[in-house]
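So, here come the structures, one by one.
Next come two complexes, and both contain subunit A; in the first it sits with subunit B, in the second with subunit C.
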Partner chain A sequence: MKILIWAERKKLRRSKIVLTAVFATVMVAVIVFAQGQFVFNGSRYVDSAGWFMTTAQSLATFYVLPAVIALVGSYMICREEQEDTQKSLHMIPIDETRLTTAKMIVLLAFSVLIYLLLFVITFLCEVVLHFEALTAAMIFTFFKVYLLDGIGVFLAVAPIVALVAWIKKSYWLALVFAEIYSFTGLFVSMSSMLKTFYPITAAFNLSGYYEASTTQIIGSVISLILCGCLAVAILAGLKRRTH
Partner chain B sequence: MDGYIIETRQLTKVYGEQTAVNNVDLHIKPGRIYGLLGRNGVGKTTIMKMVLGLTPITSGEVDVFGKNIKGCEKRVYPRIGAIIETPGFYPNLTGTENLEIFAKLRGTTCPDAVKNALEIVGLPYKDKKLFSKYSLGMKQRLGIANAILHDPELLILDEPTNGLDPIGIAEVRNFIKDLSVVRGKTILISSHILSEVALLADDIGIIDHGVLLEENSLEELQKKNNKYIMLRVSDVPKAALILEQQFKLKDYSVQDDHVLRLYDTSLDMAAINKALMMQDIAVSGAQLCNDTLEDYFKKITGGEGIA
Partner chain C sequence: MLKLIQTEFLKLRRKKFVWLMLSVALFMPVFALFYFKTSGGAGIDPIEFYKWTAFSYTPWIILPVVLGILCTMLIYDENQYDMLKQLWIVPVGKMEYFFSKFTIVLFYSVCFMLITAAASVLAGVIPGYIAFSWESVGYLLVKCLEISVLTALAVMPILAVAAAQKGYILPVCTTLVYTFLGFILLMVNMYLHPLSSMTAIVMRDIPGVVLTKTLNIPAAIGCICVWDVASVVLANVTLKKRK
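Up next, the complex of A and B:
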């Protein structure tokens, strides 16, 4: 398994899609920062400590990162077929279930890393802007939010990754699906009932960005775990189909 | 034990309406190079895929290393190196990086495996060029390198010289020969180029429209294509008797009701002619023929010929 994960990581070297993902993350930070220049009640948004870190992760999750993560995941799974390496892997032999598991683990790591990248960017900006106002507890809370966002969003988009692998069309479909999916989260978040269970907003409940009761958090966790199970079920079915 | 590395019995593959491979019995002996020869689309790749368990077999059986392949593909894969058609690699990585991934996934222990394999196929080690920028010939070479990376006993190479320049073809031919002669590997190779197979293979299987028309060693095949005298006579059995008795001739064959082939071209045809006439056998033609392997293939593939 370690070797499979090592190989998956190695395969992403110089990958344009990964570079695009990193670029998109940086762009989100830039755009949110630009938005923070608007004045409200006499002061700029960015002037209040923590605003940047809070807004960046929420907007990133509604508009950009789930799509990007789903894209990278589908790309990792679809590429073996598109680049015709499947035969070579099959003849090593590599077990497909283990291969897919390795890919999903790498995707989880990627999802967390992308969120942590956003965390580092926003954190550095906050430090520059208002160093005095920051407390260690606050930083730690944000770190937790970003980290759990990363894990939660991975679980939320996992079924989309599996589904696109199933459809076997272009992995760009994953981008489209995940974009619609995460954008819908904006509307869902208006209902407190729906937002507990809708996977994208459930990630916020889990991470602590939304204030949520314990029951709501449990509901969200269950919803995300179900997402994970759904993805596993689709991938297992996919394996059965190819045999 | 019958000692075949690969043996197929009544191997058949049907794609929808089309029978791509039809009751093929292949026999591949250890340590030899077996050339599977046939034109485009006759089923060479399909046979190889079935031997490797890459595509389901419609009917028939495949034994590899003396065991039925069905169900134990995974156990024999480490002993086989194969390229089927043009193999794919990760385009965002260099050739060396690609091979390093495959070597590691295979659990290859030899630290120089990648370097050696690249050296054999004539690609530079640690080159900066990405696979996506490779030429067809380079891709093919990398495919071969990947097939020999783990030093397998059996190589199955589907048109390995596809896309290579003449010098490259000669290089590949030489090291395939080397692998067989020096290292005792068994090699199954497919090609649509007759001259290639004739230069390389020990045994040849000729396939046309999914049917194995002939399976023989190269020597035997070449023997069939020696020079011979074609003798057209009115009564073949009687003529044969005379040839045997009067001329002590053994090296001949009966082609059909009216044609004999004499493989000794130094015969005194005038004397033979005369002797046959004396016995009331009409000789309507005597002709020195010189079939090449190519003529032979043309004949057995029903006139379509080959490369």
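Up next, the complex of A and C:
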């Protein structure tokens, strides 16, 4: 498995997709910063300490990052078929389920890193804007929010990526579905019951962005674990099919 | 040119996913069905109802993302199978090629919004949330056609980016960032981005919409024109460079 993960990491490094995802993340930060220039009650949003870090992760999660993560995941899976390397991998032979699992592990790391990149960008802006208002506790809380968002969003989109591994050549489907799926979170968050179990908002409950009771957090964790289990079940089905 | 457009339509028939993607048009009407059920009900002003189903998130987020993905698919599928060389040999003019693709995007956008309009009427009238009136349905249809044409024009930069690239990753990520930027700039400056300018034009005569600043329709039209001219130039330059 270690070798497979190493190989996937090497393949990703050669691809432009990482740079493109980084570009998307940086742009999200820039766009949210532009929104922060909006004046409300005599002051700009961005003038309030912590606003940028809070808003960037929530808007990124509702509009951009789940789709980008699903895109990277589906790209990693579909490229073997597209670039005709699948046959060579079967010749070695490499077990397709183990390969897909390695890809999913790399995707988890990617998801966490992309959220941490957003954290670093927003944190540096906050340091420049409100150095004196920042406390260690506040920074640690935000770090935890971003880290758990990365893990939670990965679990939320994992079934979509696993489904791509099953259908193949359907990265468009993954993208459209992931975008609608994350965007639906905006509406789901209106209901406290639904937002506990809907995977995208469950990630917010888990990370601490939403104020939630222990029961709600447990419900959210169960929902995200179920997403992970669903992805594993789809991958197990893939194994049976290839055998 | 007409033959080229006819060929594009014939090619579209083979792409099942393109037709499947039209189902996304039902998202907001279906969501409104549940939303108005929980908020209690009948006797809603039709325009208020249509604001939810067709005039808000559909033109702000859903339609631009769907059209952006369509633009990428239309161009990428030909790149993938190396069809462009054959098209240049025929010969097909570079700009004819670009505008034939744009015609498909425009046609698709109109179909998408007409489905949204039909679904909005059905989602409102069948459960009895709104009373059926030809006047409101006529208004909805006119607005939906307006949105569809303007959004197709507003996503022309994505088509140009897709035409300038061989891959699909950058155009797709650009679609996400571009849509997000348009949505956020609605609150900051409506005349910088074609999607926010499109919203400014659409919102000009919707009853009950309160805007903080007075609308400048010529500036909004100017913004869309400038971006579209730049897109055509970019597409022309990049397609001519391609052998």
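Basically, the second predicted complex is superposed on the first by the 240 of 243 C-alpha atoms of A that agree within 3 Å, B and C clash if a C-alpha of one lies under 4 Å from a C-alpha of the other, contacts with A are read in each partner's own complex, and residues count from 1 in each chain.
Note that a contact is a pair of C-beta atoms (placed from the backbone, for glycine too) under 8 Å apart; a residue touches a chain by one contact, two chains touch by 3 or more.
As the structure is a prediction and not an experimental result, all values here were calculated from the model.
Engineer: After the overlay on subunit A, what do you see for subunit B versus subunit C, clash or fit?
Structural biologist: Because the two structures are overlaid on the shared chain, the partners are seen to fit without clashing.
Engineer: Determine, under the contact definition given at the top, whether A:4 touches first (subunit B), second (subunit C), both, or neither.
Structural biologist: first
Engineer: For the superposed three-chain arrangement, provide the angle subunit B-subunit A-subunit C between C-alpha centres, rounded in steps of 10 degrees.
Structural biologist: 90
Engineer: Of the partners subunit B and subunit C, which touch A:88 in the superposed model: first, second, both, neither?
Structural biologist: Only subunit B; A:88 stays clear of subunit C.
Engineer: Is A:202 in contact with subunit B, with subunit C, with both, or with neither (first, second, both, neither)?
Structural biologist: neither
Engineer: Have a look at where A:38 lands relative to subunit B and subunit C in the superposition and call it first, second, both or neither.
Structural biologist: After superposing on A, A:38 lies in contact with subunit C but is clear of subunit B.
Engineer: Output check: A:75 vs subunit B and subunit C. Expected answer is one of first, second, both, neither. What do you get?
Structural biologist: second
Engineer: Applying the document's definition of touch, where does A:16 land relative to subunit B and subunit C: first, second, both, or neither?
Structural biologist: A:16 sits against subunit B and subunit C alike.
Engineer: If you tally the residues of subunit A touched by each partner, is the higher count for subunit B or for subunit C?
Structural biologist: C
Engineer: Rounded to the nearest angstrom, what is the minimum C-alpha distance from subunit B to subunit C in the superposition?
Structural biologist: 11
Engineer: Subunit A residues touched by both subunit B and subunit C?
Structural biologist: Residues common to the subunit A contacts of subunit C and of subunit B are 16, listed in rising order.
Engineer: Spell out the residues on subunit B that touch subunit A in their complex, using ranges where they run on.
Structural biologist: Within the complex, subunit B touches subunit A at residues 52, 54, 73-74, 77-78, 80, 82, 84, 86-93, 97, 100-102, 104-107, 130, 146.
Engineer: Quick one: in the complex, what on subunit A touches subunit B?
Structural biologist: It is residues 3-4, 6-7, 10-16, 79, 83-94 of subunit A that touch subunit B.
Engineer: Quick check on the complex: what are the subunit C residues that touch subunit A?
Structural biologist: By the definition above, subunit C touches subunit A via 17, 20-21, 24, 27, 31, 35, 38, 57, 61-62, 65-66, 69, 73, 80, 167-170, 172-173, 176-177, 179-181, 183-185, 187-188.
Engineer: In the complex formed with subunit C, which residues of subunit A make contact?
Structural biologist: 16-17, 20-21, 23-24, 27-28, 31-32, 34-35, 37-38, 59, 63-64, 67-68, 71, 75, 82, 170-173, 175-176, 179-180, 183-184, 187, 191
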